[in-house]
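For clarity, chains are labelled A, B, C, D and E in written order, and residue numbers in each chain start from 1.
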Amino acid sequence: MGDLGWIFISALLINNFVLAYFLGLCPFLGVSGKLETSFRLGMATVFVMVITALCAWILNTYVLIYAPYLRLISFIVVIASVVQFIEMVIKKLSPALFRSLGIFLPLITTNCAILGLAIFATNKGYGLWEGLVYALGAGLGFTLAIVLMAGLREETELSEVPVLVKGIAFNLIISGILSMAFMGFAGLFSSS
Amino acid sequence: MSDQEQQAPAGGAEEPSPNRLVGTLAVAGLISGVIIIAVYLATFNTIKENKARELREAVFRVLPGVAHMQKLLLKDGKLVVSHVEEKDEEPIYAGYDKEGNFIGYAIPSAGPGFQDTISVLYGYRPKERLVVGMWILDSRETPGLGDKIYKDAAFVANFDRLEVDPKIVAVKKGTKSKPNEIDAITGATISSKAVVRIINEGNERWLSKLPEPGSEPAFEKVEEKKGEKGKEGQEHPPGANDEGL
Amino acid sequence: MTQKDPKLLIQPGPQLRQEMTTPVVMRDVWYALTPATLAGIWFFGLGAFLVLLASIAGAVLVEWFFSPQEKRRYFLGDGSAILTGWLLGLTLPPALPMWMAFIGGAVAIGLGKTIWGGLGGNLFNPALVGRAFLLATFPIAMTTWTAPGDFFSIPSSVFALPLMQGEVDALTQASPLGLMKFAHKETGFFDLLFGNTSGSLGETSGLLLILGGVYLWWRRDLDWRIPVGILAAAMVFSSILFLIDPDKYPGPIFSALSGGMLLGAIYMATDPVTSPLTPKGTWIFAIGIGLLVILIRVFGGFPEGMMYAILLMNAVTPLIDRYTQPRVFGRGLDSK
Amino acid sequence: MMKALRLPGRALGGFDHGVHPPHHKERTEDLPIQRLPFGSRFVMPLGQHIGAPSVPVVKAGDAVRRGQLIAGPGGFVSVALHSPVTGKVLDVGPHRYSDGTFREAIAIEADPYDSQEFEGAPIDWESLSLEAFIGEVQKAGIVGMGGAAFPCHVKYSLPEGTRIRCLLINGAECEPYLTTDHRLMVERPEALLHGAEIVRSKLGAEEIVIGVEKNKPDAIEMLQRSIGPGQPVRVVPLEVKYPQGAEKMLIKSIFGVEVPAGKLPRDVQIAVNNVGTIVAIADYFQKGMPLIERVVTVSGPGVAYPANLLAPLGTPIRDLLRFAGGLKEETRQVVMGGPMMGASIADLDAPILKGSSGILALTANETGRPEERPCIRCGRCVEACPYFLNPARFARLARARLYEEMAEKYNVMDCVECGCCTYSCPSGIPIVQHIRTAKDYLRSMTRKEK
Amino acid sequence: MAKSQQQAYDEFIKGVWRENPVFVQVLGMCPMLAVTNSAINGIAMGLATFFVLVCSSFFVSLLKSFIPKQVRISCFIIIIATFVTVVDYTLLALVPKVHKELGAFIPLIVANCLILGRQEAFASKNTIPMAMLDAVGMASGFLLALVSLGGIREILGEGKLLGFSLFGPNFEPWVIMILPPGGFITLGLMLLFFNWVEERKKKLDAQLAAAEGGAD
């Protein structure tokens, strides 16, 4: 497994943002009720994450070596503005795409998974390509987790889950079991 | 406590002018910038010292007998001493004893472990082609299993005198028989092998680029103001690995 | 009126029902498991039996405790809780402390079933939820495999006090899968088939597991596609790897007979509740498991991937079900 | 338009899914059809077929002869009714129906001194135009005897541009216990072939195909022996499986063609008729006898002497049971029709109808049901449903009252209520009942929208 | 005065218990699950959040009349990010070990909806003292949740509390508690427990009310 390959697999499965890092939990728990919506949210997340990785790399390379203390603020401000800008562009160019992804963009931009991606990529010292692959893996990993979760939740809608359990507690426990299942990917492609 | 204030956070004005909006943001940014820079400056030295000390401690742990160290960078195929922070640098560290005689290199290397990336720093003595110490800088291995790669003193001690030729090999615990073998941790074979692989990769990357033994860069006494603190690293206390991160 | 009418039942059709009922299905699985279980106990001794009992006890007690009072008999009556504990027990190391096995059974039913609304509501295989929990909780105890030993000597670790570690005094021995993964050593075909290897109770005796599976298939209690799909996919995948590097990768026969492959493929992946409904979905499910098992075994961090493979495919099952609705008779055939 | 129908020389491998209930036909399959002695009181409900009820043309006190018209068709999708006996009309009013409800019916008291001979004359069918032929069939009161009681002439009235190339005769009789079609095929093959020939020539079909399940070898043999030289008739043995007799399954089995959902066999150039229907047509054109009697299988472990009875329509169920030795002590349930699609009888004094193929007395052995338990998603129902629907999903959705979703996403309206799903469910879930509830609800909603 | 004291007490206590941000509102979960594998980490994260929340609320409340509505969210975020950066550097300078454990999750406090939510819902509409009470209450509730979650996970996961061994050397640690699934499951079960307690209380209240109704 090449380095890029492992970065991708690791972000996608082994160190899944939601199931291993607990990032992006509120969309994960809040929006995972419907499969359709979840998938679109996931795609929007992939999109924003890739942009984030790009922004973070540019900032890290050209700005933050001179002013490291502005890291957090600049990440937030720059990512939010760029996403907003792209949102406007999409709205102009492809209203259909905007309708399917756009409504999620403002929701996602301030959540911790996006910020976390920028910070982790920085901390790990990823270059441009590594950062982009990392973002792709993390975004798809988020999508995978939320789509599986949505499938599970839609199915349990119809079964007789005890009233006491229903709601967030139940979703957390499902996430726990899902997270347990994802532990199976630990060590993937790293055992020689 | 006036009640009117309760509902009107924006001052109840109609449309404020765009200038007003930008102005507010600019002021907010300015104030926040001032606060941040103040804190940054106030903590800068401590943080730098902390980091330097951490690094020094790690280097001293993997290179027994070291009193001084300096950073080396590869420039045009040659190792040169560097004293400034540079971007995209991949440094190794050279260790020297009190008299300034070269002892060995401390080489950082990283790679995938059981859970996430493991970052290792290991000491290497080119004359004997030996690894003389290993220190985990960062890892997220499973508590109780994989974290033995730094919590298990016996495992760490494997790396105190280890031949790098032809290649370091992890074998089942208790079956170590050759000088280039280590005993893997039972129940954490994968993490153990990962550490070995990471060191082997470090060797592959660096050994061919190191200068002939004897022609290492000499110790340049530039700004060694607080090097005294490194005394504690004189020897490698096995138990000291615990919680050292 | 000359004749007194009997009191007539009015019930909606169809009037006929086939004989199989859910409790009978569950009981069939008990019968199918019995020979392999007895063989396992014979190989590993009474200690293993105690571990099995503890796991069943944990499952049944929790099922009892959490079922509404008036429905208790009814809930326990379907026999699925015992089955869950039993199957869990079959995957545990024979020298596991009993208290751990008990917790495994309790978690299996508590987190794996009750919370989901009881029988039929759960989307993950309860026994494997219990096992995954145990493996992540007590990773060392759960991967300490003992060699088959004397029937009457019980390893003292089995009796470890609750919450305390057990000292394993029996002869520990790497399981065939461990040997394969970490030493690239294959165990012989006949040892695998007849069960004289270290491992868990239920994975040693391949032959009896297959016999039980044939019985269940004959009783139409399980979907033959699942075991066939899993084994076929796993064997094809491992054949490919084997052809690439026979020294490093296990061959197809070893892959099919070792570890939890048979127990998982025949008895656990086939859990009706957590496998897809439609035949097409079932194939996807089975092939997915087969591929994941080999992926995890060969490239992953664990010697055995059956449990994780099944759990992961359980998680995918709702999606599979959704996208493999059969084509309704007489619909969507314009192209024909 | 559909592609032209291929008429292959052999059965094309059957249909998928379905169930194999024990067929229990051994009780009556070898018993010749017996005529049930005439009773004294007969009740002819006006709405015993699908469509508009018939309109009475007699009133209380009128004398009627056997075979005399007593009610005319109430519209195009409706048929005539004839008196099953010679006697006197008692009244025209509500009478108990087999499900216990009251429905408009004509009650007739048989004349105890009449010989009850039927007198009629053959009809020259060869000279009839198609329209006239269809009119005759409606006048004869002939409806489908395969269970649905759908007016036969409607089936023959083809819309512009439709052509029938094959007349398919349904001799599958896949319901357990029932042997009426079986006995008709064995005892009256000439009538069957003659009736088939009439319909074939009128519809202009090229071929007659008779599908018979393989568990009736004597019927297959008898039919094959009776086919005249040059007659374009094929007898096709079919796999024994329920619901082989459902017409779309039958067509799939024999021609390998799926009738599209919402379409009829005629859309694939096939007309399907039950054996009993064809024999009734033959009787009408040969003897002038309208539909006034039919063969009913009385069977089940609840009766001592099972029998195949030729009974006048309107005969109380009690009379048939009495002839078969009466109900045994252990009888729990009496069913009209087959045990899969038939319905419980609430009142033994209710009459048999044109569509009643069987009266079954069942004991606790057959009527016992597994306790209802949660669905374990075993998929047996899915693998049983011949229409490839998802009954497990129906049950779940219906319990949550998501009826619209059942229709929109899962095509619940395609379900024919064959009962295979309920039959095969180990958890005893009354899936068909859930489906019926859903369909009723959905129908009432569409009605409201209109 | 008594009334406003009562009100002040209410503002404070609601955050700690009745509207506990974690157990009742289920906010701020991401940072909390990720780092609460021991009590000490829970305390550190809780205190960091405490500081950020209280300072931000103070400034937001102070500046509320200067901030135009249209840019208020941006201003809030800038204010919050400022204090998070302050905490980040301070921890790095003073307790580098703790900083290392909490790692990247300190900057993520910015994204904690709890903090932004309190600015939007409370601090920007109330006087400084009220805002402080609210912030302190909410932050205490958050801290309480973090500590209890971290405590449970540490007790089972390592047999220790705050580093002190509880069960002796032979204790078999429940490793899962320290791993991600343990975080999910423990919080899930704690919420379940909360639901159960609430349910019980409701039932008891109903019974009491019924009894009183009879007595009146």
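Criterion: contacts are C-beta pairs under 8 Å (C-beta built on N, C-alpha and C of every residue); 3 or more make two chains touch, one makes a residue touch a chain.
Model, not experiment: these values are computed from the prediction.
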item: Third chains touching both subunit C and subunit B; value: A, E
item: Minimal step count in the chain contact network, subunit A to subunit D; value: 1
item: Pair of chains whose C-beta contact count is the highest in the structure; value: C-D
item: Chain located farthest away, centre of subunit A as origin (C-alpha); value: D
item: Chain whose Cα mean lies nearest the overall Cα mean; value: C
item: Whole-Å gap between the CA centroids of subunit B and subunit D; value: 85
item: Centre-of-Cα separation between subunit C and subunit A, whole angstrom; value: 34
item: Separation of mean Cα positions, subunit B and subunit A [Å, integer]; value: 28
item: Chain centre separation (subunit A, subunit E; CA means) in Å; value: 24
item: Sites on subunit A at which at least two other chains make contact; value: 69, 73, 159-160, 165, 170, 173, 176-177, 180, 183, 186-187, 189-191
item: For subunit D, residues that touch 2 or more chains besides their own; value: 374
item: Per-residue multi-chain contacts in subunit C, two or more chains; value: 111, 118, 120-121, 133, 136, 139, 301
item: All touching chain pairs, where touch follows the definition stated at the start; value: A-B, A-C, A-D, A-E, B-C, B-E, C-D, C-E
item: Partner subunit C, residues of subunit D touching it in the complex; value: 19, 21, 100, 176, 248, 252, 258-263, 318, 322, 326-327, 329, 331-335, 339-346, 348, 360, 362, 366-371, 373-379, 382-383, 386-390, 392-393, 410-411, 414, 419-420, 422-428, 430, 432-433, 436
item: Residue ranges of subunit A touching subunit C (in the complex, touch as defined); value: 35, 147-148, 151-152, 154-156, 159-162, 165, 170, 173, 176-178, 180-191
item: Residues of subunit C defined as touching subunit D within the complex; value: 3, 5-6, 8-18, 20-25, 74, 78, 118-121, 223, 272-279, 282, 325-331, 333, 336
item: Subunit A-facing residues of subunit E, complex; value: 26-27, 29-31, 33-34, 77-78, 81-82, 84-85, 88-89, 103-104, 107-108, 110-113, 116, 176, 179-185, 187-189, 191-192, 195-196, 199
item: Complex interface listing, subunit B residues touching subunit A; value: 29, 32-33, 36-37, 39-40, 87, 111-117, 140, 142, 189-190, 193-194, 197
